[in-house]
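Same chain, two partners: chain A is paired with chain B first, then with chain C.
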Partner chain A sequence: MNSRSANSATALRRLMTEYRQLTSGGSPDGMFTAGPISESDFFTWEALICGPKDTPFEGGVFAAKLAFPTDYPLSPFKMKFDPPLFHPNIYPDGTVCISILHTPGDDPTMYEQASERWSPVQSVEKVILSVISMLAEPNLESPASVDCSKLYRDDRAEYERRVRESIREQLGL
Partner chain B sequence: MTNMDPNAPSESEDAPAAPRIRSSDLPNVEGDPAPPAPREINEDTPLSSLSQAEIAALTEKMLNNPETRTKLIAEITPISELRAEYLDGSQSVVRQIDWLQAHGYTQFRRAARDGNCFYRSVAFSYLDRLLHAPNIPATVARFRDVLASKEFGLTLAFQDEIYKEFSEQLYTLMQLVEDFGAALTTEDLLDRLLEVSDYVSYYFRLIASAEIRNNPEPYRDFIFDQEIVAFCQSQVEAVDSEADHIPMMALCNALRITLKLATLSSHVQGSVQEVDVFTVISPDDAMDRDLPPILLLFRPGHYDILLSPN
Partner chain C sequence: MNSSKLSTLLALDLEDPTDFPKKASSLRDLDTAVRCPICSDYFNGPVSLLCGHCFCSMCIRGVISDPSSKSQCPTCRQNMTESQLRPNPGIEDVVAAWRFARPYILSLAKQEEEPVTAEPAKKKRKLDPSCVAGPSRTSSTESKSDLEILSSAAPQDDVPKPDTIVDCPLCKQSMKYKELNRHMDNNCATVSPRPLAPTSKSQKTLWSDIMQPKSKGKEKDRGSSDEDHLPKTAYDTLKDRQLKDKLVDLGLPTTGDRTLWIARHQRWTIQWNANLDKSAPNRQSKAELLKELKKWEEERKVKRKKATVDESYLKTHNSDFKKLVDAARPKSKGSVAAGTNKLDVVPASSPASSAVPLNSESDIIVVDSDGEKDDL
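Showing the complex of A and B:
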């Protein structure tokens, strides 16, 4: 047994446990679903997230890919919206920038000291709930999309219009 | 095992694109400084010339290097090697190392500086003491009972039984010690521990954190400007967060173990006394008084393992 297989065995078991809990318990208010894309690869998940009510994202359903490392949950997973979402804390390629997915040593913007960080007692569910609240309330202190952050700050009405427009586009309306 | 490191970040399309600095509605800046060309960094590169990005890249390279990963806890090293490193530095540290040498503490093991040095060093010493206990099965049973008594508190502090994926790695190693006893050498044990030391270290973090969360009184006065839970999340449960005296006390209290800490301080004036060097943390209900204490060597910001005099 080498450390790599010990790692991925633990990771696999953790992912199966989380998946079982998500499928049996469901998410709070049915706000999202998440699970592996295929049975042959438990380390790549897809999540479908409903846009939170009373925000410009209401009515949208957003798909994100979750990529788990072999030493999960010691290291966090990566989350990427596909197609990308227009949001201050989402990079133009769709990758989510949120403190709960960063370890304390990994702080690209140095603005997250006080915020909640990744630790192995976090879970897919807790992260996605944080992402949903991030959709409702962007964190302008660590912008991932500079253009979007500027728009959000300077012209909120136009920001909301662009978000709604992108949702309509994604829905094919 | 291949040379591919599973932890190495891929340079594929997964890496987030850099945010666009220049906004479309801003005028173009003349003479935009070009990004510095990547350069080769070698032993002769002056440290002061390294940019933040270069330092970050070097650190990441080191942490992901399988060579350095296997040295999470290094082989036994004469402490004179450490002394040599301080000859041009703090003479106070040199005098304390001299004191340790004069009292028989001549060897130590270096622990990797990755934020887990305290927990990993304790984990190693915790298991190595079992291996050298006079009656291994009885001692393993006693240690296992104390660990089992923590499980209710762990369930209370962290919903579900999330701790089990970490605790079982420690139990497996304890079982190994019990099954093989003296047929297992310390180096065998170390090899086995290093395969799973991130998990065992994390289990000790959870135990320390649950102790603080469930029984905050002895620790509250040492935690400033932070709620207990926020402190635990950011300073104990976060992987790689370094241990200060609070989780150290909590871990000893929870596991009922005795820790003897040799501190190398740069502020000791004049001749060195035992009280300048050693601090003993031993809870009233310590259950390991028949064993030599866990012995660590502390320099500000880092813990190594100190070997007892033979």
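Showing the complex of A and C:
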């Protein structure tokens, strides 16, 4: 852990402000909500995201866990869909692979521009909005789920069918 | 530890831009504009970078000392160095003035929300000299467009409440309605102080925030002659002895081991330099800085303890980890792709060494990425 600048009081304060802004300001178009799971632990949040319109994800509601480091916002948080989502940029265990959640230092996929990485001025809101747009437009350059990426590239109709099916399953229809 | 800190924070009743009603979105924007984008608190010792973006001195110095940040401006990602930081006393003044004015403006903005008092407050907010809200007038004389909804809620001949803020029809000074008569009887002489002069509790603390360091800091800063920024230190080149001497020179404690010394010295450098970026009246004394350093170290200790608690988590899930390791090992022998090989080492060693929960999550990713390779 980075001992130099880690200061959990700063992190806590910032998280509380973000939470307040999300609750009182509301998300754009009401596409998502996010907040701590319990008041005793402000470093674990849950987000509920609506599937964007005009995509196979439309109509679904997806839950994701956000895990914040103690030196937030210097380091990004981690985001994991639970249950996992069938999507090219989401690992089969549900972890989201998106450049905005990677620090400029580490580059698991070796292609990302530093300009689209995490920076302390990013926020939960901005990241979730990026994830929503990622749902609509998968990025095939960094496939986290190779199965899904192949399907998306080769057989779009089948991909959409499987996504819809998984959503129906999730909703218990 | 979190819960106790949380309760103290909750008791603080954090201010944030959404305190202002949605209708006053311009005030929300204003409140956001005087806050540091990193900590989302008001600029504390604001400094500007070469690109012009402004942050708290502590915040941006924290970013610079963070090894993963690559020293780029968090907003525009232009390269930056510590030497480019320039204090921004203009913004500092704006923040102080805004924090002082905020409770007053907030009360006005909130009054506007309430239907009955909406009308006079609205005028106040826009500071429109042309409209005079005399107490004898009623809402019916006002421009209807603004009040179509409101006037239906409030009776036409509604007299302002005693605590409503109204403008004196003679001198246009604003005051509570109940004080208006006395004011006019005295030929508009200001007998009582401005009624909305901030008196709330938060206001008082604000005052002490602004005033106390002023008196204290000035005297004490004179005492300590060294007003220079501390230079960056290359700790690797220093022997233990030299490092210790450095701490002693600065008047810092020398408890703990070398890693703690380095961490302490780094933290002190950041604190010290950030303090110097504030304008002289706002600076903290060395004693205050030392107190802050101590607090930071205690926090750090607690964090360490927390990490050891996580070891019990590792123990209970040890069998799971072993399973994952076993699943990963044979594959790594077969395919010695550079990426997988390096990653496979992680789960193998993690149950013993790294005790951070986040790591265990990345372990899971690793195993999955393995699965991917198979799919390929």
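Brief remarks follow.
Here is the rule we go by: the second predicted complex is superposed on the first by the 165 of 173 C-alpha atoms of A that agree within 3 Å, B and C clash if a C-alpha of one lies under 4 Å from a C-alpha of the other, contacts with A are read in each partner's own complex, and residues count from 1 in each chain.
Keep this in mind: a contact is a pair of C-beta atoms (placed from the backbone, for glycine too) under 8 Å apart; a residue touches a chain by one contact, two chains touch by 3 or more.
Note that the coordinates shown come from a computational prediction; the quantities given were computed from them, not determined experimentally.
When both complexes are superposed on chain A, chain B and chain C end up clashing with one another. With both structures placed on the common chain, the touch criterion links A:75 to chain B and to chain C.
Once the two complexes are laid over each other on the shared chain, residue contacts for A:43 go to chain C alone; chain B is not touched.
In the superposition on chain A, A:33 makes contact with neither chain B nor chain C.
In the superposed model, A:170 lies in contact with neither chain B nor chain C. In the superposition on chain A, A:146 makes contact with both chain B and chain C.
Between chain B and chain C, it is C that contacts the larger number of residues in chain A.
Contact with neither chain B nor chain C is seen for A:55 once the two complexes are overlaid on the shared chain.
The superposed model shows chain C running into chain B at a single listed stretch; among 38-46, 146-154 or 308-316 it is 38-46. Annotation: chain A residues 1-4, 6-8, 10, 13-14, 21, 67, 69-71, 74-75, 78, 80, 91-93, 95, 103-105, 119-121, 143-147, 150 touch chain B in one complex and chain C in the other.
Against chain B, in their complex, chain A makes its touches with residues 1-4, 6-8, 10, 13-14, 21, 67, 69-71, 74-75, 78, 80, 91-93, 95, 97, 103-105, 116-121, 143-147, 150. Within the complex formed with chain A, the residues of chain C that make contact are 2-3, 5-6, 9, 14, 16-18, 37-41, 59, 62-63, 65-70, 72, 74-75, 77, 259, 263, 266-267, 270, 296, 299-300, 303, 307, 356-358, 361, 364-365, 368-369, 371-372, 375-376.
Residues 1-10, 12-14, 16-18, 20-21, 24-25, 39-43, 67, 69-71, 73-75, 78, 80, 91-93, 95, 103-106, 114-115, 119-121, 143-147, 150 of chain A touch chain C in their complex. Those residues of chain B whose C-beta lies close enough to touch chain A in the complex are 1, 6-7, 13-14, 16-17, 19-21, 23-24, 115, 158, 160, 162, 165-166, 169, 194-196, 198-199, 202, 206, 233-234, 237-241.
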